[in-house]
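The letters A, B, C, D and E name the chains in turn, as written, and every chain counts its residues from 1.
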């Protein structure tokens, strides 16, 4: 998984039937100086909103959630981050 | 998933039997200054066309669509983007 | 999927039993200035040869072909490219 | 798999139900000069702690562990490294 | 798949139960000037040793080998390379 920040959302009327009703959020990596081209789109399953720090799972992991098990999704927000405790001496 | 723009298509007469009749579109990442070497090829399942902004799923997610569940594909266009709402202050 | 050019082949006598008889081709990305370190190895399922432009699928998609469904392969040539039609104004 | 060092942990109260009780560790690649943006988050299944060198598996491999087979995780710490024996003449 | 050279091994006493007895080899990409941070760890299934050139499969492909079908591994050495025939005019 990786850490990211929710920075927007995607509106898509015409999409795969199984994605109807899903919330498609734009995320950018949490650290560094990510640009727009580093952003990705993830389905939200935990009620995340713009501005929040989130934990993101990719690949088939994203479909290990009941309502999306048969949807063509490869990225899901699986947690909202309260805190990240880092050993700062490592950086 | 990631956002992309459809910029062309691939013609391949000789291909895996299960890909017959599929539409193979060339996509480039939506943001930044992508070059030809950044382009990828995705199967279209939502009726997308050249010039449109699309949502792309990769990996096994691409096969979560009935007609392609047994095809050797790893990338599919799963939505046509109407709008992307971004918190511009993040960039 | 991505576009590539076949530039060679790999000879490996000692390999996983399920790979016996398979054709292991070396491919390089089609566009840009790829070096040897950008090359990958794909199993051929469509009769491709050195010099040809091909369509390549990676990951579990590569095993969506009968004879390789239980082989440890993660990349397959699934089509021979006749033509790539690109909107050149995009580059 | 790849080698990494545990450098922290993530606290997330609101998360997918199946992740309750899991230990979410922040890891950075073992070699080179990784920055915060190179860090990833992995579920620990071997009792690893901050400061330890670990072996990390990603993708669906992370779910090949009983308690996480149905969790949306894509990265797991599968071993604690005692030693890495390298042919230094190769670098 | 990709080509690599075996340059070492990892010793890990504490690891997922299903990895007991497995040989964990450190590999570096075959071409270019790979550094230590480019190295990865693969399970060996063909009897490869340090110094040999090998063919490596990643992702779920690595588990398409009987003894590792339920192990948390994402990379396996599936062949020992005797020769790589490249069209040198391409580089």
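Brief remarks on what is shown
Just so we're on the same page, a residue touches a chain if its C-beta (ideal position, glycine included) is under 8 Å from a C-beta of that chain, and two chains touch if they have at least 3 such contacts.
Not measured: the values here are computed from a predicted model.
Think of subunit A turning onto subunit E: fitted on CA atoms, that turn is 145 degrees, to the nearest 5. Here subunit D and subunit E face each other with different sets of residues for the most part; under half of the interface numbers are shared between them. Between the Cα centres of subunit C and subunit D there is a gap of 31 Å.
Note: centroid distance subunit A to subunit B, computed from Cα atoms, is 19 Å. In subunit B, the positions touching at least two other chains are 59-60, 62-63.
Beginning with subunit A and heading toward subunit D, the contact ring passes through the chains as A, D, E, C, B. Put simply, subunit B touches subunit C in their complex at residues 5, 7-16, 18-19, 24, 26, 28, 35-37, 39-42, 50-51, 59-60, 62-63, 70-75.
Considering their complex, residues 1-3, 29-32, 34, 45-47, 55, 57-65, 76, 78-87, 90-91 of subunit E touch subunit C.
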